[in-house]
Amino acid sequence: MKAIWKGVLPRVIAGTAIIAMSTATLATGGVTQAGAASKVTISVAYAANTTFDTTPLGLTWWTAVKTEYEQKYPNVTVNLVAVQGGEPDFLTKLALDYHSTSTAPTLAQFPSTEIALYQSTGYLKSLSPFLKNSSWFAQFPKVIQNEGLIGGKIYAVSSGENNVGLYYDKAIMLKAGIKLPWQPKTWNDIIAAAEKIKAAEPKIIPLWTDAGTSAGPNGAGYGILNLLAGSSTPTIQTSSGKMVVDSPGLLQTLNFYHEVFSKGLGAPTSQLFSPNNAPNIPSADFFKGTLGIAVGANFLGGNWTKQVSFPYWSKASTAMGVAGLPKVNGGGYASTLSGWDFGISSAASSAQATAAFNFMNVAQEQKNLIEAGNWAGWVPPVQSDWTVPLYTNFAAPFNEEFGKLLPSSSELPTSANYSVWVQGIEEASGTLAQTPSTTGAQALATMKGFVTNQLGASAVTTLK
Amino acid sequence: MASLPVMDTVTGPSMSELWKTRHDKSRYQWSSLGLLTPAFALLVLLFLVPMGFAVYLGLTNLTLVGPTAIHSAFTGMANLERLKSDTTFWSSLWATGIFIVGSVVGVVVVGYVLASLLMRARPWMRMIVGGVVVVAWMMPAVTAGMTWYASTTGGGAFSTLLGIPNTNFLDNDPLLVVTLASIWSMTGFSMLVMGAALRNIPSEAIEAATVENASSWQRFRMIILPLLRPTMTAVVLLTGLLALANFSLIYIMTQGGPGNATNILPLYSYQQAFTYNNLAYGALIGNVMVVIATVFGVFYVRITARRL
Amino acid sequence: MNEIRFEHVWKMFEGNAVVSDLNLDIREGEFLVLVGPSGCGKTTSLRMLAGLERPSHGRIWMGDKDVTDVATGQRDISMVFQSYALYPNMNVYKNLAFGPKVRKEPRSTLQQRIHEVADMLGIRHLLDRSPAALSGGQRQRVALGRALIREPQVFLMDEPLSNLDAALRVQMRAELIRLHQRLESTTTVYVTHDQVEALTMGDRVAVLKDGVLLQVDAANDLYEYPGSVFVGEFIGSPKMNVVPGTLQIDGGQIVVECLGVRCDVSRELAGRLSATATNGPVLVGIRPHDLHLNGEAPSDGPAVQVLIDICEHTGTEIFATVELGDTKLIARLPRSPMPQAGQAVEVAFNKERLHLFDTTTRESLIERQAKREHISVGSPEAVLDAQSS
Amino acid sequence: MSDVHGMLMSADDVAEMTSDPVMPPANRETQRTKVRSATLHLVLGALGVIFLAPMLWLFLASIDKNASWGVEWPHFSLINFKHVLTGSLLHSLWNSVVLAVISTAIASITGVFAAYSLSRRRIPFKGPLLLFIIFSSGVPLAIMVIPVYEIFSRFGFLSILPTAVFLSVTSLPFEVYLMKNFIDAVPIDLEEAARMERASTFQVLRRVVIPLAMPGIAAASIFGFVNAWGSFIVPLILISPANQQPAPIAIYTFLTLPKAEFGNIAAYSLVFCVPVFILYAVSSRLFREGFVLGGGVKG
């Protein structure tokens, strides 16, 4: 079969293609710029619509970095490739682009959950030689440094992290008779508070917990996986690479969801399943005063700033409270940790790779890094930045609080099987939200069946 | 026409020579080939070749990302084995069946009802209702999907019109809602086609039946239905094929969810290929769709070929 | 040199011969009509001449050039189609200009030529109209005009009048003849199924049946000397009566028995009796014009008593179907006294104008005068012989 | 989506359904038939409302500066239209035009040649070829995006023009089938007349066959255009560069943004629908005129 592609077909297609491509260039206003011999051209791909809180903020940041970089390195031309669409679409597109060397971006920014996948495909260059002398990388906490560590080499470096905590509307809590500042110690404390809110204010949504598949694989990272992280067995993938499809922790987590939805404490499915970026909906609900508590990601706080305006809420800093998400039976906080990382394409020439790393250097300068964190809703990966006013003042007090919560977070696994597994748990959470009569055990059985079915029995395991 | 005349009516030495050469031998003009080539080259390159390639892909372990994205291997029947025990696939097939049958039945019934009622309605009614139905049919799938999402979600047009503003039809009965959307988007076509067919039914036939005192149901069953059958068959096959390939509408509305409720085969194929990265497995599901489409296609050919 | 010759031309469609061994010479400047019932191969022959069909076997010559394999556009002919084939997307002017344009003929004189032709046909005022806005007769003229523009050596017409109403047909018939006379050296080959049209228009008429050329003759000769029962019956209206009879040759005395009566044929006719004629049964052809009330004409043969069945009035005459036992005949009757159905009358036939045919070959047993061409039907070499003599 | 054989019908046919239906004579219009007629109009009205309801949001939200998913009385403003007719969204519309025009041109031009030769010429294996054409016009080619993606990615074709070529193939079989039927209806006499005038194949096509089969060619082209214009999954997967994405992808992207601008989505979708609506309106006229082949042939 492969011989065909080496034979007649390519020539025939190529003939058509030459005409086609040249017309395409004309038709679309000449997008490809041929670099002069002495010049280096690199392409930098990023998610146009999803990483930054708004599309214009993303464009502003990337354009600023590009301008700064091109002034420093006049020999290098940077093509910014803004990949459009929601997060799942961005991931599909990026994977498609990597698939062909002609479209593979020299430098790309993608979720940390993709690193292992891209590395195993051979898409990524090792960054270890570049990072040896990198001052900024040395300032990363170990857990963030290791995000891109595979087989002793580092393939991607973080430019910002997402973690999760509890947001609550202070006024509603007071009305429900809950003392402030509120800090639940166990999951039961959360349920209890939600029940009190329901009793006091029947019209508002007591507790937001992401559910369903509409936000793509990363949606679970802002919702159910944070509870799993605080369960008695938080493991998703064993050291041998098997996906956990049954464990006490999974059952605890799904039972928690069952309790939330069967008691009518959760958000309606019209919000949870919205294709409109469900994880951001709580910021609007809080603004409208229709939501009591949310298991929410760090970026919700930034949504209320004037720059992001999603929606702009000047009183958010006083009206809203933040708390750590407790573990199941107490004993500290838990959260997932997922970052957005830079990686350099293995298809890049050494000149391009150097140029790309220099681009990263500019992007990781403190001002740029913190601005990215502010506008994209990230906790910067450099620990010292967490107390810098540029960061803390942006969405006070939320940014500072989530910086404090970061050390108690744990990484999400990264593998091809993870995308199937996460679909399974999202479907399970969706079923619990959709059909509250479903028990946690039933949802777990469905998830186990689905993931086992998709991956095969040899790729999954059960924890006791 | 005369049969071949007896040879000896022609005599003389030139005769044997005469019969040797035939001037009007079936000649193919080379220019015909030139005229056909561009279109058929395109069809071969972008239809037959991909079709064959898909069969091959379905038997490999090619993935979108991961180690087998670059170095894929032929794995024979492994994907097929997996398909057999893939409960998501079977539930997707079931959903596809319900979606197709529901769409087709709805399109035919609603299309017929509209066509026959509009024939008897006043002109202004005909203009308005007919126009609305046709506009719904013309609307590109992306827009249709969005309008249906907006109108069936909580606070949307349907729940507002029905006075139950917070009811979320889309999440309560997803498969039903997407099937309704599919019917909505194709009824204009069947209404127009069946309207034309209805107008071609000689009114004498119906009048004759009326004179014989046939009830309106009898008239429908014994006269209109048999005369309409070829048209209906064509509508059934076409809408069936279109429903089978209906990706955009559902993708915009539910992306296959919630759960797998609306995950019909084209969406599941896309999901496997591009969300779970299993290009090969996605291609195999695509092949299943081609097989289903082929069954429709064969019927379609048999019906159309008669009119060739 | 625009003589046209079909030489042993055959045309097969799926094993059937639509045209069998056609041998035909068409003289320069001649108006030749191909006539025959539908399916006789006349249109196919014309289309072969036009180059729209290729003969299966044989050759077609125009002058000394073998055009069998020459493409249609290269043959210097033009054709008027039965449907007129006017391009509906072009107005009359553009229809006329189409040929010169695709042949890249000089534009300078084109308009003048079109105006000349349009004036000749009286369609000058129609030049801006689209074919859809024309009447049948006008379309016909445009089609002619389009053919004329080319100034071809050969003019082909495929039943050009068949789509016109009766009155217009007669008028156009005359115009076509006039046109042909004006274009002196242009040969016209004209196909029709209407024998009246054939007889009125053709310098010569070629009768075809089932793909076989039966007879080529001037109109009058065809009527006077039908070479076969078929030609006798096909040419002339109403149709010739053909009845069984017996021929008795007794020295110089030749007696024909038919319709139950005996009749001595005239000396003149007897002198032309074919050498192959022998005693025994024959087919006797009597034209309705030659079967009339007893006593009406001088050379009447014996009379027979018949019953009038149906009368057809043509205006000047009445042709009546009459019954003699089981035999039905058509006879010419006077308008007064008005014949009545059921009436018994006595009719007689003109014995000098009898036609005798062989019962098996159905070919004529009467030869022409010596100066006439010898026609032996169905045998092509005989045709060639006759033509070369 | 909006197929296909229905292209022969169109919006105006609705208006044309005026040809007299089977109606009882007026003098028999009793009380009963009046009640019946009222019922009929009520049922039709209800169906009309059901069909109209989903479109409500589109129209209301497009002129509402505070639009959401819900239907509500709009805060009237045309700002949404102003927003979507600028910058990259306008560029996406332009990409849609490029995609649809190129794909239509390829399919219609190659299609008309193929249709002509299938209609008029002796061709080896003509029967099987025609069956193949009909068959592939029935198989929705959009389900072949995965193998085509695989092939395109190997040759670096993941851009707008190769995608336009693929889209042309998705409409080609039906276009050929439609155009062949129309060319069949062009009288062969006209072509023979042209041939006798020494016209070449190209001249015959250009001056006689194509003008006369124009309604069919136009119908086929409009089908091809609408097919390419509305396509979603094919460009979603096959077009890699962001600045080459056509409007449907832009609409979809709109939907997935964290901060959805509902009014803009609705306005943009309406703008996106306009060409399709216009084409249908134009084509219905074309068809009606087209079926009359002038008076050149037989009164």
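Each chain gets a letter, A, B, C and D, in the order it is written, and its residues are counted from 1.
Throughout what follows, contacts are C-beta pairs under 8 Å (C-beta built on N, C-alpha and C of every residue); 3 or more make two chains touch, one makes a residue touch a chain.
As the structure is a prediction and not an experimental result, all values here were calculated from the model.
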Farthest chain relative to chain A (centres taken as mean CA coordinates): C
Whole-Å gap separating chain C and chain D, where each centre is the average of the chain's CA atoms: 55
Interchain centroid distance [CA atoms averaged], chain A/chain B, Å: 39
Centre distance in Å when chain A and chain C are each reduced to the mean of their C-alpha atoms: 93
Overlap residues in chain B, where contacts from two or more other chains coincide: 49, 53, 149, 153-155, 252, 274
Junction residues of chain A, two or more chains touched: 13, 92, 96, 99, 275
Residues of chain D touching at least two other chains: 165, 237, 252, 255
All chain pairs that touch each other: A-B, A-D, B-C, B-D, C-D
List of chain D residues in touch with chain C within their complex: 187, 189-190, 192-200, 203, 207-208, 211-212, 292-299
Residue ranges of chain C in contact with chain D within the complex: 50-52, 72-75, 77-79, 81-89, 98-99, 102-103, 130-134, 136, 139, 146, 150, 163
For the chain C and chain B complex, residues of the former touching the latter: 8, 11-13, 15-18, 20-21, 39, 53-58, 68-69, 210-212, 378-381
Residue numbers on chain B that touch chain C, as the complex places them: 1-5, 9-12, 14-15, 18-19, 21-24
Touch list for chain B against partner chain D, complex: 26-29, 31-32, 35-36, 38-40, 42-43, 46-47, 49-51, 53-54, 57, 62, 110, 113-114, 117-123, 125-144, 146-158, 160-161, 165, 181, 184-185, 187-189, 192-193, 195-196, 199, 203, 206-207, 234, 237-238, 241-242, 244-248, 251-252, 266, 269-270, 273-274, 279, 282-283, 286, 289-290, 293-294, 296-298, 300-301, 304-305, 308
